[in-house]
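Per-chain residue numbering starts at 1, and chain names A, B, C and D are given in the order in which the chains are listed.
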Amino acid sequence: MTNRLNKVMPLEQAIEQYVKTGSHISIGGFTLNRNPMAAVYEIIRQKICNLHLYAHSNGTGLDELIGAGCVSKLEIAYAGNGKAAPTCIRFARAAQNNEILFEDYSNYMMSLRFMAGAMGVPFLPTLSGLGSDILTKWGFSKSLRKSDPKIVDNKLAVIDNPFGNWTGASKVVLVPAINPDITIIHVQKADAMGTCSIQGLAFADIEQVKASKHVIITCEKLVNKEELRQNPDLNQIPFIHVSAVCHVPMGAYPSAVFGHYDYDSQYLRKFTIAAKSPDEFRKYQEKYIYGVKDHKAFLNIIGRERIDAITADPRTGYSVNMKRD
Amino acid sequence: MTNRLNKVMPLEQAIEQYVKTGSHISIGGFTLNRNPMAAVYEIIRQKICNLHLYAHSNGTGLDELIGAGCVSKLEIAYAGNGKAAPTCIRFARAAQNNEILFEDYSNYMMSLRFMAGAMGVPFLPTLSGLGSDILTKWGFSKSLRKSDPKIVDNKLAVIDNPFGNWTGASKVVLVPAINPDITIIHVQKADAMGTCSIQGLAFADIEQVKASKHVIITCEKLVNKEELRQNPDLNQIPFIHVSAVCHVPMGAYPSAVFGHYDYDSQYLRKFTIAAKSPDEFRKYQEKYIYGVKDHKAFLNIIGRERIDAITADPRTGYSVNMKRD
Amino acid sequence: MNKVQPYTPREIMAIMAAREIRNGDIVFSGTGISMLAAMAAKNINAPDSVIFFETGAMDSLLEELPLAVADPRIMYWSAANSRLTDAFATMQNPITGNKVIAILGAAQIDQYGNLNTTCIGDYFSPEIRFSGSGGGCDVASFVPRCIAFMQHEKRKFVKKLDYLTSPGQLEGNNSRQAAGLRPGGVSLVVTNLGVMRFDKNNGRMYLDKFYPGISLKKIYENTEFDMDVSKATQADPPTKTELKILREECDPQRLILD
Amino acid sequence: MNKVQPYTPREIMAIMAAREIRNGDIVFSGTGISMLAAMAAKNINAPDSVIFFETGAMDSLLEELPLAVADPRIMYWSAANSRLTDAFATMQNPITGNKVIAILGAAQIDQYGNLNTTCIGDYFSPEIRFSGSGGGCDVASFVPRCIAFMQHEKRKFVKKLDYLTSPGQLEGNNSRQAAGLRPGGVSLVVTNLGVMRFDKNNGRMYLDKFYPGISLKKIYENTEFDMDVSKATQADPPTKTELKILREECDPQRLILD
């Protein structure tokens, strides 16, 4: 039932309950912003593997999941992480070494695919990509597609405009819906039933949530229902879409949460450097992921000084004059 | 240019400049809420006719426009006005007397058609209406469609799902995009450049605006840019879509504006009664529309007492315990 | 045990519909008596049901009964205020849509639960023109359960609709599925005389309950098409508690009840 | 008159791109030097241009230079914060899209302005894998004018792309239109050596401007395909004012300039 009054549970339990080996999964955020990192690290700690990951432009979370070997198939538009990694290091390695199967779309196509899933239609149309290799190069083979009912038979389809030249379009690209088994997003505010308020850009989080069979919310602040009901115009996700709510302050660290904290450019750079060497990366993982019990313990290693440095200025929502290198 | 710094002009001028005989037009709001009534009355006073009107569920504004003979073609999902008129009176008469050409869709179809226009695609898909007469009965003839390049060749199209049985759909209805020449909406707050903040439900206003070649905004409050920039999460329409901004307090009266005033159920009932008799209706129009110079003069006839009675309670956004008959 | 209380047709209709709503249902409410039924369910038998509107409001508090789906009363204290496109997507998407039960009205219904809210007479030159589909066609296309409120009259329970606005079982048997629709459409018809349901196999309407004091003959005479009445039993009348809540909590201003 | 000031390749690239932006343009900005160019235009020659991002922020104030299109700095004091689907719709819809000029980067470009941001080598087993399209393919499909920033090297200005991520003029002549795309794609290429444009008729890249001190030979040697250099003239170097604003107002922290 989607309207249980209280969906609050520990993150460990939510991940165990909803993220399974082989799950089709999407995570919220965009490159270095609002990735549900506490959940990502918990998935890694629980050694959940063979995930089929859907991403538009994920960065921080995507590269940790791939680096930890959790992902076997990836549908993606972009894997980068700002200045720290114009291309995500572990993603590039995994692609170059044939460690994952991947299929490329554009950001709009991936967003439309989530939107189609949210709308309950098999596809949405776009004029994007005509003439590009995105249309012709399919990362998943026809036989794989046939054998797996959770993968759509055709990467996409091009049709003639059935309305003549209406709106000036002669041809239209149709991109197929995505309905992940599970989507995890991190938001500023949620209540116990799962109604959410995202501050700042929503990216494609809302579409991802509404397309998903199950949804885990991690939140900076777990607030009373009353606080959210006072301004329903600021709530983008009503509780009916949500399976579990986990209160995880700084749950997006090292990515940013508008109004709360900035991205930690130093941490991201450290990750990038470690990601380039298998030995260093194992050490990195041991120290920051496997070696800690949970996100709170992880943040303890990061320490007060870094956290103070990235804490958002209340006026602007980010850390003013932060050293970004 | 869409980013002129100041688009403020008198409503009379905006209507004259952007609404022409034969224009394809849509108006915002839903039944008895946030209809841009000051603009509707001004269109009637300026005797602009032969309009092609696109509506999902318009009530108050639609029936005035039809009653005044401004509309010759109508694409519509619903014409009703709450308890006062489960079916809009002048709309029904016009349909029964063959005074307008009309074509029926559903609310979702009309909303998707505006959305397709806003997205710049020729159509959007839905599973609605399969097996219904909405698919088979076309209000505009094939020859009319052929002769008018502003009317799409096909009312809609049904295709087999090109992705097999993906998402469980075997067939899909495609509804064609609408790109009105002009859309007029009424909002709570706008700035001089045209950025808007709608409080409460947005209905399909945002899609209608983004689909339109020109947009007139009427607003309760004309505010400083700074006021809107302080919380961009509450602004649904950035200025780039807007052609003109008109400051018209109570510009949606007699329909409601959440947070400002309720609908005037007495006025709506008075309209319904008058609308049933040609003589009474002429008297009604003479008194309330043609007989007044502008919306301010119209509100003067309505009087302080009625306006006080419908003024919104600040806690709830509507008039608490208002007599609604 | 409550003993039988006096009640109006409108009251028993609202209660019959309310009883169909289960805890956890998402209740799509149209205008008028639909809203009263949705509020009755929430206040009586399904406190965790969620009322929502095609205009985009989810789980509105409803301190006052709204009289239209765009009434500002539905915008106050909701979980989220969104848009038409969002609200219909919530129903079209089976993940959430399969939890929705809709309450609709219509001018005509046929034996397969197809609805007409568009016109009497020829579509192109109607004798009587009604409001049109609104969200009715959409909802009847998308969601597994719909309740239709009707006045039980021969000209409304017709052999052939003048216009098929909202699909029910179309021509019965598997014709709904063959048209490309998911299972759904009107599953319960509530009138001033009784309650009708639909045969799972052939999709035809049958009489499920008749109200106390209503004869099968009266129902038969007010239905143009043949309807199986063999399975019908008498409905349990509204209880004292149901009526009290309906009158005092759902519509104290008697906006719909009168 | 300003006399010629010393400047870095990155500075002249940002200024060349900024000069292409007109007052009233809606500037779609990617990551890195794209943002610097967009801010330079707004601060120097096109004060009423509007910077916007695929992530959904429109006309952000940008008190600090953002380093990614999801940088929280773009969410502050914007006209509206929306979503990816909204931002791309703004470009796909020609009413607004035709006012957009995009600034992009790429790993490879060919003579028709098609871009590769996906991989070197075979797509299925790449030698080098890049980030992928992001919004690049979308923007290049939708909007009439795109500026591409490139390092001018033979392996980047190639006869044949390893992967065509973002469509330019495809195979030239009318092939873009034949594929179903609106007119658009890369219309200006800004490199560390000069500025390229495309022939209206055959869609081929030609050299428009070379920077002071850069020989045609150097450009020729660093371009794998044949390029018409016959129309090229020397670019006006960045003025003192342009450089001052770029350095002091656009990137005082020297996040991109260094």
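Quick note on the criterion: a contact is a pair of C-beta atoms (placed from the backbone, for glycine too) under 8 Å apart; a residue touches a chain by one contact, two chains touch by 3 or more.
Given the structure is predicted, the values throughout are model-derived calculations rather than measurements.
*Asks:* What's the fewest number of moves from chain A to chain B, given that each move must go to a chain touching the current one?
*Replies:* When the steps are counted carefully, the minimum from chain A to chain B is 1.
*Asks:* Going only between touching chains, how few steps reach chain C from chain B?
*Replies:* 1
*Asks:* Using mean C-alpha positions as chain centres, tell me how far chain B is from chain D in Å, no decimals.
*Replies:* The computed centroid separation for chain B versus chain D comes out at 40 Å.
*Asks:* Distance from the CA centroid of chain C to that of chain D, rounded to the nearest Å?
*Replies:* Taking the mean C-alpha position of each chain, the two centres sit 57 Å apart.
*Asks:* Let me have the rounded angstrom distance from the C-alpha centre of chain A over to the C-alpha centre of chain D, please.
*Replies:* Those two chain centres are 28 Å apart.
*Asks:* Could you say which residues in chain D touch two or more other chains, in rising order?
*Replies:* Residues 57, 75, 77, 81-82, 92, 94, 142.
*Asks:* Where in chain B do residues touch two or more other chains at once?
*Replies:* Within chain B, the residues that touch at least two other chains are 117, 120-121, 126-127, 169, 172, 179, 200, 233.
*Asks:* Answer with line, ring, star, complete or other to describe the graph linking chains that touch.
*Replies:* other
*Asks:* Which of the chains touch, listed as pairs?
*Replies:* Chain-chain contacts present: A-B, A-C, A-D, B-C, B-D.
*Asks:* Inside the complex, what are the residues of chain C that reach chain B?
*Replies:* 31-32, 54-57, 63-64, 67-77, 81-85, 88, 92, 94, 118-119, 123-138, 141-142, 163-167, 170, 175-176, 179-182, 253, 255
*Asks:* What does chain B use to touch chain A in their complex?
*Replies:* 116-117, 120-127, 152-154, 157, 159, 161-164, 166-167, 169, 172, 174, 176-177, 179, 199-200, 233-234
*Asks:* Going by the contact rule set out above, which residues of chain B touch chain C in the complex?
*Replies:* My answer: residues 29-34, 56-57, 76-83, 86-88, 91-92, 95-96, 98, 104-109, 111-112, 115, 126-134, 137, 139, 158, 168-172, 200-204, 206-207, 256-258, 262-263, 312, 316-318, 320-321, 324.
*Asks:* Spell out the part of chain B that touches chain D in their complex, as residue ranges.
*Replies:* It is residues 1-5, 117-121, 179, 193, 195, 210-213, 228-230, 232-233, 235-241 of chain B that touch chain D.
*Asks:* Mind pulling up the chain D residues that touch chain B in the complex?
*Replies:* Its residues touching chain B are 24, 26, 48, 50, 57-59, 61, 75, 77-82, 89-97, 99, 142.
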